[in-house]
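Inspection log for the structure reproduced underneath, given as structure tokens.
Order as written gives the chain letters A, B, C and D; numbering starts at 1 within each chain.
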């Protein structure tokens, strides 16, 4: 564990605990879901969850340092059959396009069902709810947020390139963006810290539930 | 901790435990929700939860004494960046208008969805269910309760002034009132003790679920 | 505790544990719900839960021996303000009309919503599902069970008299009856043992969920 | 316990733990559900859960070795009143028709509700969702899986014979099959290992929830 400095290790512990909690509430069924941190002291790499781990057993040892330049695991961590998440490229793209310090990728059903209300649109929107204030930079419920939507694909590298300019634009908009949805797949949520990312995920989960109910029953 | 007398400390422990339990059932996602007690021995202040705390970690140290007159934290508890809940004014208004000893503010989705059935109305109503008897002062299911509804706003001071006369009227009505809903925001529930407030919150949560299902499917 | 014999104490422990578990899954919000045993060695009394106890804290000390003849608590257990459940009469009526050894009264919402599909009818029915075999005496899914329905009332004594002949008839029918629903109130479920009653409650809970979904969406 | 070799015992421990976890999430209400392993060292028998056990208390002692030839428990494990699951024949048929190493039979409601969308059809289908990749042998969301559907019956022996050729055909198809649904009853899910079977069950549970929501609301 000595490869990582203390600050990173503290965050890895926090994030591993969060991953196990998220496992009990439907965020990462069937070993799905992946999670990462931006290294606080080594700007060259991100710390990304290993592929194929049962998230109910996730621990700090399941984090791997991945280099931004090569998208490869640091040689010290390479083992036969071990690889970082299949969606590592998207995590790296988010760090390259925003000031995120932590990225959470959840498969929770509500994100998919919510996005289905915005067929053939590039963005989903939500407005007028108090809990929007749980998103960093938002101070009133009288606001409309936009969440970028992308079609699912197995070409993760191409998708990560497509995501970058959209997140870069979104970062400079008046109303900040902290999430993106892959249709039929799941949601990426981020924040400057583990706590911010956790809070943002809770906000989106709540907002999606509200919106699904409200849009279905039109009340 | 010596600032508070024993009776208050006992209630703070009870309420902190309740807050953590409520966190596991959707009442305060994303550090939302706020909670308070009327001091049992110092009529000059209420004991209000600190702003921005992750409710899964809420402890007695996150309670702050707030003076009714000034709406300010007692000097002994002031720290840079520390403040009582943004909605402190509403808690104080409830104590000033009712005989509440404990106030719970939950963001649970059902309160919002329930209130949507009463568009453009000042009160929501529920009648005819056995669990209504869980509300203090109600002895039969053959009763109709009224729950005041308010539009959400970021001007909490103005809202708290608007709430007061309505709760004062409600307090003297034959059928008692133990809750008020902010549209698109959440619910305030209160009781004379922590146990009463907890029981009332459970009653409303159950009644809202029942009413949403019944009104949607008209069965 | 020496008042009760060992067999009764064992069952009281089992039932108290079950009550706490049921509390975590919506069966007894707001101190609602009540529970009882037929004494295994003293045919003169039933063992009934105390009124007004928060079911998350329910323990063996919250059971009171109630005499069938007088409907009163044994003098040894009388204390100021202490009484057995307000619905004690119904528990006693069930023991007098069936061979039940344990009675569970749950407020879980699904029983109410399910009964609403049988407006103006004396019985609800369910047929054709494998889990029906979880009910004692049922060996195939090709069966139709009947559940007696009663209007809610605060006159528990009158209701208990009304229930008796219906349960006596039901006891001698080919397809056994293990439950009765009070509209807008809750369900009574019983079995010869605590395990039987628990299993029956789980069966009904599952069947109601299935029937509500199926009847709503007609699929 | 010395009857079983170490490898089998390890798997029995894993599976018993999984059964208790599944009990908390609606997979085996009312002692329903049954579970098995193919013995890793004795090709002559499967290891099948005992009939009628409350799954919240399930332990390794509730597993019984059953011979493929005779469908009977090994003589060492025979006790008065003890029998392997009533659906043992189906478990054996799955092991005889596929390369399964672990079979899980869940009564979770969603499988029943999902199957109802495929009335009078021999197979249910699902396509286009990322989580399909949680099923062994599937590498893209651009795939359509088929799940065989069977009518429920109490003649388990006849059903098990009917299932065999269908699973044998399914095993050789391009898109693998890891589950079969009994209408109004429940689902069988299998995998080469306990972990595979667990992951597959989580996949199906998620997919069914998604499909039910999507098909109902057509969005």
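Just so we're on the same page, a residue touches a chain if its C-beta (ideal position, glycine included) is under 8 Å from a C-beta of that chain, and two chains touch if they have at least 3 such contacts.
Remember, predicted model here, so these are calculated numbers, not experimental data.
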Interchain centroid distance [CA atoms averaged], subunit A/subunit C, Å: 47
Gap in Å, rounded to a whole number, between the CA centres of subunit D and subunit C: 33
Overlap residues in subunit C, where contacts from two or more other chains coincide: none
Graph class of chain-chain contacts, one of line, ring, star, complete, other: ring
Listing of all chain pairs that touch each other, if any do: A-B, A-D, B-C, C-D
Touching residues (chain side subunit D, partner subunit C) in the complex: 26, 29-32, 54, 107, 109, 112-113, 116-117, 152, 154, 182, 184-186, 216
Complex contacts: residues of subunit D adjacent to subunit A: 128-131, 134, 139-142, 195, 198-200, 202-203, 205-206, 209-210, 213-214, 217, 219
